[in-house]
Structure formats: structure tokens, C-alpha cells
Amino acid sequence: MGTLAFDVAHLFAGGLVLISFMLLYQDRMTGLINIFALHAVVLSLSVAWQAYVQHSPHLFLTAAIAIIFKATIIPLSLQRIMVRLRIHRDIEVVGGVGVTMLLGICLVALSLVVILPATAAADPLAREDVAFALSVVLLGLLMMVTRRNAISQVIGFMSLENGLILAATGAKGMPLVVEISVAFSVLIAFIVIGIFLFRIRERFDTVDVQELDRVRGGGR
Amino acid sequence: MNGFAVQPVDALLIIPALSALILAFLSGYRLTSRINLISSGAVFLFAVALLFSRPAADNYLFVDDLNVVFVVLSTFIGFTTSAYSASYIGHEIEVGKLKPTHVRFYHAMYQSMMFAMNLALLANNIGLMWVAIEFATLTTVLMVGIYRTPEALEAAWKYFILGSVGIALALFGTILVYMSAEPVLGEGYDAMVWTSLMRHAAAFSPRLLNVAFVFLMLGYGTKVGLVPMHAWLPDAHAEGPTPISAVLSGLLLNVALYAVLRFKMLLAANAAAIAPGPLMIALGLASLIFAGFMLYRRDDIKRLFAYSSIEHMGIITFAFGMGGPLANFAGLLHMTMHSLTKSAIFFAVGHIAQVKGTQKIANIRGLTESHPVLGWGLVAGVMAIAGLPPFGVFMSEFLVVSSTFARQPLLAIPLAFGLLVAFGALLLRVIGLAFGEPSDSFGEVEASIVPLFLHLALVLLMGIWLEPHIAVWFQNVAGMLG
Amino acid sequence: MSLTVALLSIAALLGAAGLAIALARSVEATRIIYGLCFGFSLILFVAAVVPRGAAALTAALPLGLPWIGAHFRMDVLSAFFLAIVNLGGAAASLYAIGYGAHEKHPSRILPFFPAFLAGMNLVLLADDAFSFLVAWEFMSLSSWALVMAHHHDAENRRAGFIYLLMASFGTLALLMAFGLLAGSVGGYSFADIRDAAHGPSWKSGLVLALVLLGAGSKAGLVPLHIWLPLAHPAAPSHVSALMSGVMTKVAIYGFIRIVFDLLGPPEFWWSMPTLTLGAITAMLGILSATIQSDLKKLLAYSTIENIGIIFVALGLALAFKANGMALPAALAFTAALFHVFNHSLFKSLLFFGAGAVQGATGERDIERLGGLIHSMPRTAFVFLGACLAISALPPLNGFVSEWLVFQAVLLSPSLPQWSLKLLVPAVGVALALSAALCAGCFVRAYGVAFLGRARSIAAKDARETDPWSLSAMSGLLALCLLAGLFPSYMIDTITPAAKLFVGGHVPTQGDIPWMSIVPIAESRSSYNGLLVFVFIIFSASVAALIVRRFGSKAIRRGPAWDCGYPDPSPATQYTGSSFAQPIRRTLGNVAFVARDHLDMPPPGDTRPARFGIEVHDRVWDGIYTPILRGVEFCADQLNRMNYLTIQEYLGLVFIALVGLLLVIAIWP
Amino acid sequence: MILVLSLAPLLLGFTRKTKARLLRRRGPSIFQPYRDLLRLMRKEVVLADNASWLFRSAPYLIFAATWVAAALVPTFATGLMFNWSADLIVITALLGSARFFLALAGMDVGTSFGGIGSSREMMFASLAEPAMIMIVFVVALIAGSTQLSEIAFHMLSHIELRVSYGLALIGLVIVAIAENGRIPVDNPATHLELTMVHEAMVLEYSGRHLAVIELASALKLLLYVSLIACIFAPWGLAPHGADFRGMAFGAVAFVAKLAVGGFLLALFEVSTAKMRVFRVPDFLGAALMLGLLGTLLLFVSRSL
């Protein structure tokens, strides 16, 4: 059982990392959103598995939140926004895929190197969970750094949050507060982002963040 | 004080929450602003009451010497700022920069931000604290964007993205802390509750704590506005309404700093973990010197003082990084003084920008001649923030620099250098602003100068005569910080 | 008792500052405030000079650093300086009662003037590092506000900027010095510092360097003097007098207090930077003064020169003290303090005179003055007296102190260290040179400004100044003369301080016959100002009598002969710049790379001939311009950080995070 | 005091006479200066229109300062009355104040020549004084005092030959020449406009004022000669409280010294030409260097 639980959790977590790589790689808007949905699904699966393993039913709630919000609502609304903004067919240029991939791999390695020795005390399941979670977080950050398009940045951010949830669920018996707070904050975050995108839509014809940067006040 | 039906602690949370709800449904600027003022005042009173009656810590809230300092300070500034914003927003409505609906929104957000901050400060639970800080971020984001100008939106967007990333990193750190505590304290709340965490910190896995601290430092450091995570700060200060700039500098940064301090104490309590000092010192010096140089090229008056906030946050972080009774005392004192002074400066700046109809430094001249009260107020504020006696900032800078030089001369040199660079820039600007041929001004504003001079008077008083109780109290806290 | 009185009257001065703000509108404010300042300064002066017991008076107030409190202490040294400061303060207030009348915006001066006085007094009384620095910086701040009084002039704004920046630089230096002295435990009270065991040699050396930076920048030690010639002229004249004549002395006090009192027994090499800097300061200061044409700038530079002389004397005192030669040390120390006193007198007087001239003519440029001796004879007379005094001519006071300094210099061969043996004579030459140049400088200033014919309308119809100013100036002149005629009393006043700080004292002068002064021994050297004075008066009058008795008394007024080429236009007079030309050509070309350009059109060309002078301030070009450039450069480079995109900012965070994680990863 | 006063013009006249003789001229009688002075006394004063009280009182002050200075130099006897009231530095300073007033007087009328004179005079002075101080330094090092009578006494008591003496002597002579405005620094006889220094300052003076000033400059010359004599050739100075014969002997010796000094001066003046104004600093700088060198050598010789 122990090994099985471990293997399954391992599988899901690893899958999450893998999908993060796909996100990093994908340059079509629509494809990006679909992959993010997949990301969320896998996350919810792993959360559910953790809930099952840890016998902590409240985690199922988190899983549900993940599957409902992240896997369904957000992708759909993002699709809508894109259609509204007429950028759903855009192909975003991702500078040097190979380099990005390489960087991502280095990040994964780094996260393993950092976490594994640090968590010698904790049980293996939590260890690799956190390690993968860290790599997901870093990959999400990397995505935010490399993408120029607001939507893909948001997606990067949300994959980052997925990583956080993975870590949170990995940590054994972490009280409910956190999950709720995460979901809550993600919800707020999403709403706010939505508001912003609409406002931005009112002002600009693209959601390109560099457009935003052009109108900065101050400076010289 | 125990005669109250509600514990002051609860009141600190309930009052803002309730008034936020009420304000969300009320319109009419006079009424709402007055309610805003009253509830902030009440909150401040309860915060003061906290000095006398302290509830026992539970799993969610607790009060100790450290966070009482922050609570009293932030509620006070929240109070004065609400008094100030009454006149400021009034003027904004007259000139039509804000619509009444916005004002309703504004006041509701103001109160909910106060709620979030008090929650963050009083939370006994690292998770709860995180939630509160996140919430505070969101509210301030909305207020920064309230003018809906492209610049405002861009500032808010930037603030939001960077802030949420920082928050996310902080959450990861929080989780790691839990993980390090969990083997010792077992699953459940104990592993997230400050009081128990502090008690058993020595037993936690040091390496995990190190990793956690990196995340927490960067995460909450983003909210503190430390270089290189500072980018949101100047724009957010510059584009939001001035009361919000005052609150950001006077409160939000402190709250984030409070979180950092808490975790620093946690690490300090664990002998095997790396000392958090060097990291804080490095970030502090970087912020100080970087901001000092950035001050020279600013042409927007609010950005100027935003950068000066970064500079001072750097000094404070440096002081806490140095540690030791003197430096910690200095850090606390400096934080208090900076909050008071900087918000006072923003009070002045807001009205100045209103009467001059611009925020461009180049177009503001000769204030001491055209508007003596505001002008001299600004000069006094800048002299105070630049650390000139008899104002209180001097005392803290005196302690920081001298004690640092006595212990680590090589660290004191860059510190002094940064102070001098920043001072040069501020002096250059304030001479340009306050002296010379006055530039033409647009209309008058019934400035509410009471908060401005109240703050300055406090800073002056504490610079000359630090009330013994306060001193003792700060010394205890400094002792706690180790 | 007297300390209490002093503190109370300082508080009263601060109160007067507040009153000034309240009275901002009233017309009588000027007289009231300056009157109050005059009164309180006199009280403080009395409190300083009334005889006290040998023990120092101390007091502590629950102010300042909470666990230390604000300590105040009045010992002989602070009493001496207190007397000087308040003498100057009283004179300035008296002068300002008249001078302040033609101030356009008195409300920009009145609140800060009493505050400035209070700040200076507090520095002298402070007995712990924190109060000292608070007072020190408060002094700078209030004087800065006074410098900014006439803020419409961009030049003044620049002066104010540089001034306050340099001031806080100095404060930071002092702050570090105190930090080093107090140690990490933070024993900031001077008593603790005195008791504290003094660390290794490098440590006290570092403190000395920092004090030279800190006090030196306030006193105007080259190369930290740049603010002085800008700020002192920018302020209203009575304030300039205070800043130049008094505030620099407060800086000297700070130096003495720290180096002679707190820093423990000196080492001989401490004296070398002090001597060298002092000599350079004296030379450079007086050279710059000689080529100035702005009267107040000229005076400011000559202040720098005198500061140099004082520092040389202090350096000698250090050298002798370090070698345990008590008597010479006392001599040098006495000379230093005596010169401090003298300079505060005649420099204030000179600035008053300059202010009177400015008030009467609206001119500060001597090239546009001239012939004032006819239109404002009294001012001209007192100014002449001050010029004699500052040029160190007997029988006035300036000479006495410089004579003492020279006596100390002459004792240097008995020093054991060869480096000092060789250094001190060179310093002595520098002193002599600067003394002689000083005479030249003031002949030029007086001759061009007061003598000859008026070079401008303003100068032609100038009027004598008001009685208040005149009374202040004459009082100072009388003091100069008295201090010159009866130096023995001054020396005896300084003696206890010398006893306290260098452990020896010059022989008591009071009981020497004929009131002459004998620094070491009758056989070595002696001077009797009174006798010389009497002789001169006597022989002058004798000569005058004889000439009157036997010579003809007839006088015929006629046009000036001028070798047969009399020219009616005053423009043909020898101007200040032409007067300075020989100095420029002989010494200036080294010190300032001074060059004269003459552009003489060929015959038949109607283009006017042009003559230009180009002078470079080597200190400015060599030190400050590079610093400014560096700051500009860094500001520009870093400013690019303001224009990154959000991704790039995220990138910064990302890099920071990854970097730190790497550090953690490779952490053992 | 009276003695120096009476002897001064004589020295001047003697110098002129010898100069003339050396130039194969008959030259005026050595008593000519007295006659000049008396004649000037009787002439009326022509005062420029805008001459101030300073201009009129300056001559007396100059005269007084110089006279006091001269009286302080032990001429034929050490320990004269009031010798202790001032030392060598004071004498230098007294001459300085005389110069100060002279320069001011030169600028008072507001003519171009007066200005030239004053400015050059002050420049020379500013270089001559340090040299003088250095010489004082050397002498004080040797004699351990700056009191002239002490110095003279010390010189008398232990005669020793030192390099530093020589250097100091040369330096002092140079200073003396510069201070008295003799050739090669300045030409007392010239009124060629652009070359004159001292004469330029007194250009506007006439009548009794001029007489007093001339007398003062004569005194100055005497002062320097007797100064040199008293420091470097103190033989024959009557010791303190000597009887009348000693005094008389001292007086004779003094007059002899003056004669020698005047003769040497004349010789020197005849044999050199006036130098350009801007070479004078080098000339005086040489004196300064000599003084410094003297001190250093003295240290060396002391340390040996």
C-alpha cells in the first residue's frame, strides 16, 4: 500500500511537472488554455489521491475546487475573453523554446537538490510532493517571465498556484484554513484579473503587457 | 477596559468589517467619509485599549509586545489618514476626478483594508496571516486602480502581478515552515500557531527552515518593497489617491515587514539554521543604495517619496538584520518614525499636487512663498525623513550607524554612503520645490493640515523626548527580536 | 548654578524662535526678537564668565536617548567657548537691531536666528554623543535656513544645497567616530567614553581621521571647505558674521573636545595630518581670498585661513603633548584658543562692516566700490581697525596670537621625531607667508573698497550706517584693542583649560611687571603690546608736534599729480584684480592655474581690447567634480531600471529566487 | 632713539656719496639728506582733492612704527631700556604695519601709480616676511631666543662658525635689500613710472609729509644695517649696564659698522642692475630657501 500510494502520488506529481513543461512549450493561445485545464485536472487528481491516502476528507473539497474552478470555469472564461479580444488565433512568439526547456530542466534539478536533502526528516511522500511542487512553482514563474501576453502570464501564475496547492496537500494534515485561503485567493485573483483584462480591453487593442508599459507615468 | 462587551481584539476586526459592509451600501460623500473617520477612530481607541488588557492567545489571534507596536501604529495612521482623506477626496470630487460611486467603493475598500491589516497583525496562525496579507494586497490593488487612467491601471496591474507572485512565494514558504514543524508538533493547528512554533523552533529541521526563509523573505520582501522586488511600489504610490500612498507607506510595508520579522525570530530561535541576518542586511543595503540613486532622476513628486520609502525600508531591514538590542531598537524606532513622517509628507504632497495642479517636480517651485504652511510643512517633513535632528528619525539613524560602525565598520560605510546619496537627492529636490520664484498655482484647497502637523509634532517630540514607557516597551521588543 | 542659568536662557532662545513665528506679521518683530537675543546672549556670556569652582558643573535632563538621557556639562573649555559664542551672538544681535531693518522678509530670518544661537550653545554644553550631535546638526539646520533666507537667488540655493550636504557629511563622520568611541554596547555619554579603555592605535587613528573630516568640514578645513565661501556670503551679514566668526569656532571646540579630551593620550603622528592640513588650509585660504572681488567671499576665505592657523597651533599642541612636553604644548594650546577668540572678534567685525557697506551701497563687489572713507567715515575707521587686527599687526590682538603661534613653532626643534622636526619649520614658513599675504589681501580689500575714488554711483552717494550697527562694531573694535594691549589677562583666562587638556600651563602672566607677556622665559622672548602702543602713539605725536612746530602748516588742495597723467575717470584707478595680479602670477599660477588672457586688437581695429582672468579651483576640479560625475553616472545607469517591463521585473525576482536557492543548495 | 634718528640720514647720505664716488662722480655731500629734509619741511603741502584723513595721518604712523622698531634694535649697547618689550618678530611686524599704512596711503588718492606701488610692495613683502621668519628661526635655534639683546649676547659669548650663519646672513641681506627698495629690487632714485615701487606709493606726497616718510625710510635702512650688525657682528656692543666708556666704545663701533654696511651696500648697488619686477620673487624665494636650508643644516649639525 505504502509503495502504491507513493507511486501513484509520484505519478501525479510528475505528471504535473510534465504538463508544466507542456505549458512552457505551448505557444497557441487555445492550446495553452486547454493544457492548463489538463494541468488543473491532474492537480485535482493528485489532491484527491492525497485525500484518500491521508484519510483527510477535507482535501476532497480542495480537489473539487480545483476541478470545478481551475479545470472548467477559468478555461472557459478565458476562452470567452480571448474570443472577445479576437486574439484566440494568435500565435505567441516564445523566445527560444529549446533554451526555455533547458532552463526548466535545470529548475527541476535545482528544486530536487534544494528540497530532498532539506526534508530528510519528513516522510518520502511529502518529500517528493514538495520537490515537484517547487519545480512546478518555478516553472510557472519561468513561464510568467518568458511570456509577453497577459493571458499566458495569468495562466503561468495559476499553474504556479497549482504547484502551491500540490505542496499544501503534500504537507500532511495541513489544516483546512490553507486550502480555503488558497481557493479563495485564487478566486479573488481570477476575478480581479478578469476585471483588469476588461478594463484593459477598454483601453487598448491588445492585452500585450508591453503596451501597458509604454504608458507608464513618471520616469523622465 | 475589560468592561467592554467585546474584547478589544475582536473589536479591532469587527468594527472595520462592519463599517466596510455599511459603507459599501451607503452613498453620499460627507456621510461616508464621516463614518470612515469615526470607525477608524474607534479602532484606534480599541488598539490603545489593547495596551492595557491583553487576551490569552488562541489558535487564531494573539497579542504580544511585538504586534501591539504595529497595531497601535497602523491604527493611528489609519485614523489620521481617514481624517486627511476626508478633505482630499472632497477636493477630488469637486474637480471631478472621482465619481461618488468610486468614493463609496473607496471607503468600503479602505475599511476592509484596515480589517485585513489588523487581522494580519493579530493573527496567531501563519496561514491566517498569509490570507490577511493577500486580502490587504487585493484591496490596495483596487484602490490604486481607482482613477482608471491608463497609468493607474498599469500601476495596479503591475502591483497586482508582482504582489501575487510575492504572495505565492510567501505561501510556499509558509507551507515549508509547516512541514518543518509538523514532525515535531504533529499534524493540525499547533504546527501553524506562532506561540507553539516559537516554543519548539529549536527542534525544527534547520535546512527546511532555510529554504522556507528564502521564500518568505522574497515573498513578503516583495510587499516590503525591497530591491529587486520593489518595482510595484513607486507606481502604486504615484498613481493611487494620495491617502492610499500614505497608507501604503505607513502601514502596508510595515505589515509585510512584521511578517518577515516573525519568521526571522523563528529562524533566530533555531540555532542550526543559517542566520537570517546577512540576507536581510544585503537586501537592505541594496534597497538603500539603489533607491538613493533612483531619487536623483525622479520628476514626479509622489514617485520621489515612494523611492524614499524603499530607501527607508532598506534601512529598517538592515537594522533588523544587524540584530542586537541597539540595532533592533533602532529598527523599531525607525519604522515608527518613518511611518509617521512619510505619511505626513504624503499628506503635504497631496495638497501640494492639488493646489499646483501637477505632480511634476519641475512645475512646483517656491512653495514656502506661495503656500507657507504647506511649504514649510513639506520642508520639515523632508528634513525629518532625511534624518536631521531634532526629529525622531535622527535618533534611529544615529543608533543604527553608530552601533553598526562599532561592530562592523565595513558595513557602516555603504550604509553611510547610501544615506548621504539619498539625502543629497532629497535636499536637491526639496530646495527646488520649496524655494525660488513661486510657480503659478491652480485654485486653493481647504487643506486639512491637522494630521500633517500632528504627525510632525509627534516625530519632533519623540526625537527630543522618547517617553520612558515607550522606550522600555521598545527595548523589550528589541530583546524579543534577539 | 551658572549651568542652570545657561540652559534656561538657551530654552528662552528657543522660545524666542517660537515667538518669532507668532510675530511673523508684526513690524516690531525685528527689534523685539533681536533685542531678546541680545539679552539672552549677554546672560549666557555672564553665566560663562562668572568665576566657578575648579570642578565642572554637570546636569542631566530626561531627554534624548532614553537610557542615557541628555547630559550637560560646563567645564573651563566649554565656558571659554561659551563666552566667545555669546559675545559674538550679542554683538550680532545688537548689530541686527539696526541692520535687520532693511530686510525684506524678516519672517524668513527671525525664527531661525535665535534657534541658531541656541544650537551653538547646546553644542558647547552637551556631554553625551547624542545631544552633541543633535545640537551640532540642529545648528547646521538652522543656519541652513538662514542661508536660504534670500532664496530667489539661484546662487544662494546652490550654496544652501552644498552647505547642508557637507554638514550632514560631517555629522555622519562624527557619528561614526562616536560609534567607535562608544563601542557596540552604546556608552554614549562622554563620561563613559572617557572611562572606556581606548582601543588599539588604528582605532584612535580612525577616530582622528573621522573627526578631522567631521569637525574639519564644519570649520572649513581644506579640502572640505568648499561650502564655506558659498554659504557664508549667502546669508544676511549678521548671520555671516555668526557663521564665520562663531560657528567655525564651535567646530574647533568639537575637535578639541574629542581629540584632546575623549580620545585619550595622543600619539605624535596625530599631529602630522593636523599640521599639514592646517598649513595647506591657511595658504590656500588666503590665496583664494586675495583674488576674490566679492567682499564677503573674501572674508569667508580669510576665515578659512585663520582656521588653518588654529589647526596648526592645535597640531603643535598635539605634537608636544604626545611627547610629554607640557609647557610648549600649553603654549601652542593657548595660542590656538587665543586666536580663536581674536578671530571671532575681528571676523565678526569685518562681516558687520561688509554688511554695512552692502546696506549703504547694495554692492558686495569691491570693484564697484571705492572712496567710502569719505561717505561713511566711521565704518571706514572701524573696518580699518579690523583689517589691522586680522593682518596681525601690532599692537592689535591678531598679532599677539600669531606671535604666540610662532613662539610655539620656534620650540619645535626640541621635538624628538625627525619627521616633526622637518615638518614644523615648513609649516612655520607657510604661516608666515599666509600672514604676509593676509596683510596684502586686506590692504587690497580696504584700499579698493574704502580708499580712492568711488567707482559707481551707489558707492558715491552711500550714507553712514545706523547707530546700532556702529555701536556693535565699535564695541568689537575696542575689544580687539584691549585684547591686544593686555594679552596677559586673556592668557591667564585660557591657562586653566590648558592645564586641563595638555597638562601644563604657561607661566602666569598677570604678575609680570609692565603687563608684558612672557610665554616661556624672559630670556627667550617677551612682548608688551601696551608699551609698543604707547611708544607708537608717543613718537607719532612727537613727530607730529615737531613737524607742526618747525615745519610749515600750509596746505593747498589740488588735483592729484599722478606723474603728470591725472585722469578724472575713476575707472583708471588700480582695480582689485590688477592689485592681485602680482600674487596671481607668482603664487596663483600654482594654486589655481590662474591665467590672464589679453586680447589686444591690432592698430586700426575698432574692436575693444579684452582682458580676462581664468582661475581654476583645484580642489573642486580634483575632488568634487569627479564625485558629482560618478553620482550622475550611477543615477543614469540605475535609472534604466525604471523602464523595464513587468516580465523583466518578474525576471529579477526569478533570478533572485533561483540565486538564493542555489546558495541554499550549495550551503554545507 | 634720538641717536638712530640723527644717524639715519647720515647713513643715507654716506651711501649716496660712496655710490657717486664709485661711479667717478663727485656726488652730493653726505649731509645732503638733512638739507633735503629741512627744505621739504618748510614747503607747503599740496594735497590731492580726495585725500582722506588716512592719507594725512599715515606718514606719522609710518614714521612712528619704523622709529619704534629701529629703537628696539640694540645699536651700540645690549639691554637698552625696554629692549625686552619686544623681540625680533615684533620688529618685523612693526615694519609690517608701517608698510601696511604706506600701501594704504598709496591707494588713497586713487591713482594708477599708487596702486602699482602698493600691490608690488605687498607682493615683495609677502615673500620677504617668510624669509625673515626663517632667518629668525635659524637665529633663534642657535641663540635659543628671539630677543635681540639675548641673541647678540649669545653671539658674543660663544663665537662659532656655522654654515647656517652664512646662509642666514645672505638671506637677511637679500631681505634687507628688498625691504629697503634698493637696487636690484627697486631703485630709490628712479621716477621712471613703471619701474618704481616705493616711490610710486609716495608719489602724491609733498612737503612735510614727504619729509617724514623719507626720514622713515632712512630709518628703515639704518634699522636693517644695525640689525645685521647686531646679529652677525655683535662685537663692541656694550653689555648691559656698562659704564660710560663701554657705551662710548660701543657707539664708535656702531658708527664704524654703519659705515662698512653703507659702503658694502653702495658697492653692491653699483655692481648690479635692477631686475624685472617678476624676477624679484625668485630673488626673495632664494632667501627663503636659504633660510630653510639653514634650519635643516642646523638640525644636521645639531644631531651630529
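Per-chain residue numbering starts at 1, and chain names A, B, C and D are given in the order in which the chains are listed.
Basically, a contact is a pair of C-beta atoms (placed from the backbone, for glycine too) under 8 Å apart; a residue touches a chain by one contact, two chains touch by 3 or more.
Remember, it's a predicted structure, so these values are computed and weren't measured experimentally.
Novice: Report the connected components of the chain contact network with chain C omitted.
Specialist: Once chain C is set aside, the chains that still touch form these groups: A, B | D.
Novice: Looking at every pair of chains, which has the largest contact count?
Specialist: So the pair of chains linked by the most contacts is C-D.
Novice: Where the centre of all protein Cα atoms falls, which chain's Cα centre is nearest to that point?
Specialist: Chain closest to the assembly's C-alpha mean: C.
Novice: Of all chains present, which has the mean Cα position farthest from that of chain D?
Specialist: Result for the farthest chain: A.
Novice: Measuring from the mean C-alpha position of chain A to the mean C-alpha position of chain B, what distance in angstrom results?
Specialist: Between these chains, centre-to-centre, one finds 31 Å.
Novice: Report, in whole Å, the distance between the mean C-alpha point of chain C and the mean C-alpha point of chain D.
Specialist: So the centroids are 35 Å from each other.
Novice: Take the average of all CA coordinates in chain B, do the same for chain C, and state the distance between these two points in whole angstrom.
Specialist: It comes to 44 Å between the two C-alpha centres.
Novice: With chain centres taken as the means of their Cα atoms, state the distance from chain A to chain C in Å.
Specialist: Taking the average C-alpha coordinate of chain A and of chain C, the gap between them is 69 Å.
Novice: Which chain B residues reach two or more other chains?
Specialist: 157-158, 161, 165, 169, 207, 210-211, 234, 297
Novice: When you check chain C against every other chain, which residues touch at least two of them?
Specialist: Answer for chain C, listing residues that touch two or more other chains: 639, 642, 644, 646, 650, 653, 657, 661, 664.
Novice: Identify every two-chain combination in which the chains touch.
Specialist: Pairwise, the chains that meet the contact rule are A-B, A-C, B-C, C-D.
Novice: Residues of chain B touching chain A in their complex?
Specialist: It comes out as residues 125, 127-128, 130-131, 134-135, 138, 141-142, 145, 148, 150-151, 153-158, 160-161, 164-165, 167-169, 171-172, 174-176, 178-179, 182-183, 186-189, 191-192, 205, 207-208, 210-211, 234-235, 238-239, 297-300, 303.
Novice: Enumerate the contact residues on chain C facing chain B in the complex.
Specialist: Against chain B, the touching part of chain C is residues 62-67, 108, 129-130, 133-135, 137-138, 141, 148, 151-152, 154, 157, 160-161, 164-165, 168-169, 172, 175-176, 178-180, 182-184, 186, 188, 206, 631-632, 634-636, 638-639, 641-642, 644, 646, 649-650, 652-653, 655-657, 660-661, 664, 667.
Novice: Name, in rising order, each residue of chain B that touches chain C in their complex.
Specialist: 157-158, 161-162, 165-166, 169, 207, 210-211, 214-215, 217-218, 222, 228-229, 231-232, 234, 274, 279, 290, 293-294, 296-297, 324, 326, 366, 368, 383, 386, 388-390, 394-395, 398-399, 401-407, 409, 412, 416, 419-421, 423-424, 427-428, 431-432, 435-437, 463-466, 468, 471-472, 475
Novice: Tell me, which parts of chain A touch chain B in their complex?
Specialist: It is residues 114-115, 117-122, 126, 130, 133-134, 137, 141, 144, 153, 157, 160-161, 163-164, 167-168, 171-175, 177-178, 181-182, 184-185, 188-189, 192-193, 196, 199-200, 203, 209, 212-213, 215-220 of chain A that touch chain B.
Novice: Going by the contact rule set out above, which residues of chain A touch chain C in the complex?
Specialist: Touch list, chain A to chain C: 107, 110-111, 113-114, 118, 138, 141-142, 144-148, 153, 209-210, 212-213, 216, 218-220.
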